[in-house]
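You will see two complexes here that share chain A, one where it goes with chain B and one where it goes with chain C.
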Partner chain A sequence: MKKTETATPALVKAKKKRNLAPYLLLLPPVLLVLIFMVYPIGYVFRLSFYDYNPVMPWLNGFKGFGNFVAIITGSEFWQAMLVSLKWVFWEVILQFTLGLIIALLLNQKFKARGFFRALIFIPWAMSGVLTAVLWNLIYNQNIGILNDLLMKVGLIETGKAWISNPSTALPSLILAELWRGVPFFAISLLAAMQSIPTELYEAGKIDGANRWQSLIHITVPQLKETIVLTTLLRTVNEFNSVDLIYSLTGGGPVGRTTTVSILLANQATKSTNYGYGSAMSVICFIILAIFAVIYLKITRFGKEEN
Partner chain B sequence: MKKALTILIVLMLGTMMAFAGGKKESNEAAAETENGVVEITYWDNNASPIRTEIFTNLIAEFEAENPDIKVNFVPVPNSEAKSKYSLAVQSHTAPDCGIITQTWMSDFIVQKGLLALDDYIAAWDGSQYLLDIAQESIRMMDPNGKTYGMAFSQTLPAVWYNTKMFEEAGMEIPDDWMSIFDAAYKLTDKSKGQYGFALRGGAGSSQQLEQMLYMYSGIANSFDENGNATINAPEHVEFLEAFADLYMNATAESDITNGVNEMIAEFDSGSAAIMFHNLGSYGQHADTLGPENFTALSAVKSLEDTEVIVSNGATCNVIFADSKHPEEAFRWISFVNSHEATSYFNREIGQIPTNTQALQDEWVADIPQMKQAADALLSGNCVLVTLPFNMPGWADLHTNFAERGLQEVILGQRDAKEFLDSWAAQLTQLNKNYQLYMQSQQ
Partner chain C sequence: MNARRTREAVFLRWLPLIIISIFVLLPIYWAIATSLKTDAGILQRPVQYIPNPFTLENYSEAWVASNFSLYFLNSLKVSLASVFFICVIAIMAGYALARYKFKGKILFMGMVLCIQFIPHAVLLIPLFDTFNKVGLVGTLTSVALVCITLNFPFITVLMRGFITGIPYSLEEAAQIDGCSRFGGVVRIVIPMLVPGIVTCGAFSFIGIWNEFLFSLMFLSDASKYTIPIGLRMMQGEYNVEYGALAAGAIIAMSIPVLLFAYLQKYLVNGLGGAVKG
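Moving on to the complex of A and B:
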């Protein structure tokens, strides 16, 4: 009886220790996140209420919602937003469609399948700047391979300035980014396809389902979680994409390829107009957060189908 | 278990503290080595293989003469240099010294990021050979007239001509802007992929335009006596309209997004006969076209019948305010500003030295366009226009407003006068705010 009485507090102490250990182990990464993510993001939110440009100190000071009002009532941001929306829409739709087709092909059994799987991944492994150099050469008005090919087949008579012409600049950039972005979907969807139980296809076959019906009624529903997650991630990535556009056109000509991210890079990084740039970042953050919540809600991400 | 957990946590927190401490402390720790040699860091704002080779040689020579100093050379890519320097100044992690263009200087002066060099220069024997007009221009960057840099190279803007194409067409080299435009039309043959003019419509376009406008009009000041910008003078509107007309008629379509490299590539490949760029690209043209096939004119005749040189700022050595070793940093930058080093750097890079001894070197006289520019700088007969790059925000106005506006004018989407009026209004406002602020600081 005595033994039991003395053992109880020791047990409680050991339990407390065990309860504390996971938190202590989590402390370093949590601190890292606080220092390198939460603090800078919080600082951006704070800066967005200020006019802050180190090279023009006479302007600096608290501005309240002034930056937000200037952004929302000005035309520059909305023009850039329109370009961003076009950019994100076409990139996600086209990358997903082509990625799905490639994934379906690579999911078949054929010779040298491993080689093609590796090959398809190459564009994804290339940096944005390197991709820009490559496509700059392809689109070059005088020595570009695209003009050369089109002239040889008789589609055009003289070389076109694909990324300098206001009407072709954005589609040309979309094509270049498409080349780089397709592998992301192809690899992600292929990985998900390989986890679909073959019994489902066999059962479908017994029920008389053809290939198209199998795709629509088995493959796509089974890929739903992956599709939702990858399209959401890609939407956010493409919205924030800067490297390729910056390297190929710098946002020109006449702002036709100036996305919100390019505008933000010019304001905050080049011009050190940190207050205005921060306000723009906050608006983008809110827009993307709202989009993510609505998208996940509509698609019922993470919830079992009835 | 408890002990192991404590050690683990202490180690992790220690690592984080080390990271959180930032670069500054580690730089300081590394600044003095155990044998008493002081390490200084020197940034180059325009990384290239040739400049790295030049500075590697200069550093080896300097370190042999000064065994108590070790120079760590850091080349920074030009396109990102301004933002990297700015960030370093703002976060107090700037190097000891470095190269900046004069156009950035006022930004760093306002942020108190640079060290005034007046006392160092006064005590240095070699300072008598620093080019007066360049140093005077640097003193003007500070409202209190302090010297925050030493110029060692200058790149004057110039009109470049492919003389071979002019000879083949039986045409004379023009020396005023409207004749230059006429020649550009005459030398255009689109069927051969040959254009009269290589236009820069992308990054840096409006800064070039500003230089051309003042070269054309001969107006010597960017602001009138009332502080109003002169960029929208009627002569400038006339020039811009003629300049915009060149697009697609005497230029390639892709010129609208041309950056400096694309523009130079057009000239160097022989597909464009005329180009406006500074004298710093001499080496590239000599390599590709051959020195006998091109020439340059830096003093173009203005409407006032004067020869106008527009200064686009010197390349300067500066010491940053946070340097822990300003004495050693000055010993190094004064070495770079010496006759021999300035001459060597500028000869290799094809720019104009801003050292009076180097300006009289044989190699300067051997290159006609260099000689012409050097004579002009030394004689003082030309009108020298200094653009308002001492004004913070001037460069941002180019990036955020003027470059796009110029593209709109070139594409016919905007009226030249309306664009210049809008530019002038913003420049005037910027100037007034800057003057008020400077008065409040005195």
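Moving on to the complex of A and C:
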């Protein structure tokens, strides 16, 4: 009796000590997130209710919802939102479709598969700025290759300024981002395809399914989770993407390629009206938080952790 | 039957693969070709598809006159320092997630996921203000700190997977032989984790090497520019020197592409849907 009594507190103590270890190990990342993410976001929320301009400090002061009202009643934000929606829609649809085609192609067994896989996935490693430089060299009216190729094929008669023409600027950007973004989908979908058990296809064959039927009835349903995950993540990525647009068009011409994220980045890097910029950040943050909640619900992330 | 097979192979395999490969390679080829042309060759009409005459002048111009040697060094400093700390953090946190059951684990994983959703542009103003107050604005340290924070979450999840793959019984055996828990980690887990650490390191290196937005915001002095900022500035000049710009692009892509060559097989086989932003 006495023995167990003395043993129990010791055991509890040992358990407690062991339980402290994971918290200590997670302390550095949690601190980083608190200092460089949670605090800044709180700061943005606070600033969004103020007039805050480091260049004109005499005007600084509490403004209530003034910044939000200015954003919502102005046209700048809504125009940018429209561009963002177009941008995200086309990027996700096109990247997914082409990514799926590539994954299907590379999921076949043939010689040189490894070679094509390595080759086609290269843009995955490229940055937005780099992609902007590469495509600038293609689109450029004076030194680019696109005009020459299209003229040779007979699709156009005179060279076009693809990036500075308001009607072609956004499609040009979409193509460049497509180039860089496709490998993400191709890689994720191919990996998921390779984990589909081959028995399923054999069973399908016995039931007389042709290639198209087995794609629709076996491959796609098996990929469902990956598709949901990648399309949602990419939606958020593209909504937030700045590098490529900023470097290739800077949001121009006449705002035709100014997405909400570009507007935000311009607010931060070019304007000093930080209160207004912060209020816009808050609006973006709320929009994405709603996305995140939906995302968490659909994918039920972390449920297996129990 | 055989003819049908061949036709199928052509239309369902080789033709699409070749078209896609051209789409992927064209921008890269064109940058290489432009970087090897003389100024006259770049502007020449009809377009020179193959550089003639061939010159390496643009590379020396980018490296020396456009200061890419300096930007390269700065990028290397930021990337290596960040990768080191990310790996240390990811090993610690990944170990905690792989080996312990504790309250708050789901909360931590949720936090890691939420970080993926934060628009980076939102953080620009407050972080600039904060770094300004502590006098870090304009330093490579400020960029590295942000890079570490933005990149560790995904790497931690990756590292957790690698650590889970190492049987715990090996650590237990070491402990029975008199090792402390920490000693077991250092002697058993770390050596077995080397491939995982290399992968995580290569992964985060590519992301940080390519970082643009915060570098643009924080680094105002040209002596601190990283490669993406250097490229951006060259592109924004009034009189763009396209040959040197193309050479700069090739220099910029060299390291990520080499790391990618190492990672690519692993990407499909191991990472699956694991996601790089």
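Just so it is clear, the second predicted complex is superposed on the first by the 290 of 306 C-alpha atoms of A that agree within 3 Å, B and C clash if a C-alpha of one lies under 4 Å from a C-alpha of the other, contacts with A are read in each partner's own complex, and residues count from 1 in each chain.
We adopt the following convention: contacts are C-beta pairs under 8 Å (C-beta built on N, C-alpha and C of every residue); 3 or more make two chains touch, one makes a residue touch a chain.
Not measured: the values here are computed from a predicted model.
After lining both complexes up on chain A, report clash or fit for chain B versus chain C.
Partners clash after overlay.
May I ask you to decide whether A:208 touches chain B, chain C, both, or neither, giving the answer as first, second, both or neither?
The answer is neither, since A:208 touches no partner chain.
First (chain B), second (chain C), both or neither: which does A:273 touch?
first
With both complexes overlaid on chain A, does A:154 touch chain B (first), chain C (second), both or neither?
neither
Name the chain, either chain B or chain C, that contacts more residues of chain A.
Of chain B and chain C, the partner in contact with more residues of chain A is C.
So, A:142: does it touch chain B (first), chain C (second), both, or neither?
A:142: touches chain B and chain C.
Under the stated touch criterion, which partner chain does A:64 make contact with: chain B (first), chain C (second), both, or neither?
In the superposed model, A:64 contacts neither chain B nor chain C.
For A:284, decide between first (touching chain B), second (touching chain C), both and neither.
Second partner only, chain C.
So, does A:242 touch the first partner chain B, the second partner chain C, both, or neither?
Touch status of A:242: second partner only.
Is A:128 contacted by the first partner chain B, the second partner chain C, both or neither?
The second partner, chain C, only.
Run through 94-102, 184-192 or 220-228 for chain C and report the one that clashes with chain B in the overlay.
220-228
Does any part of chain A touch chain B in one structure and chain C in the other, and if so which residues?
On chain A, the overlap between the chain B and chain C contacts is residues 21, 25, 28, 32, 140, 142, 267, 269.
Within the complex, which stretch of chain A touches chain C?
Chain A reaches chain C through residues 18-19, 21-23, 25-26, 28-30, 32-33, 36-37, 39-41, 43-44, 47, 98, 101-102, 105, 108, 110, 114, 116-138, 140, 142-143, 145, 148, 179, 184, 187-188, 190-192, 194-195, 226, 229-230, 233, 236-237, 239-240, 242-243, 246-247, 261, 264-265, 267-269, 274, 277-278, 281, 284-285, 288-289, 291-292, 295-296, 301-302, 305-306.
What residues on chain A touch chain B, complex-wise?
17, 21, 24-25, 27-28, 31-32, 35, 54-59, 140-142, 158-161, 163-166, 169, 249-250, 252-255, 266-267, 269-273
Applying the document's contact rule, which stretches of chain B touch chain A when the two form their complex?
Contacts found on chain B: 2, 5, 8-9, 12-13, 16, 20, 82-83, 86, 89-90, 106-107, 110-111, 190, 193, 201-203, 252-257, 259, 269, 271, 392-393, 396, 399-400, 403-404, 407-408, 411, 413, 433-434, 436-437, 440.
Which chain C residues qualify as touching chain A in the complex?
9, 12-13, 16-17, 20-21, 23-28, 30-31, 34, 42-43, 46-47, 49, 89, 92-93, 95-97, 100, 102, 104-106, 108-111, 113-130, 145-146, 148-149, 152-153, 156, 181, 206, 209-213, 216-217, 228, 231-232, 235, 242, 245-246, 248-249, 252-253, 256-257, 259-261, 264-265, 267-269, 271-273, 275-277
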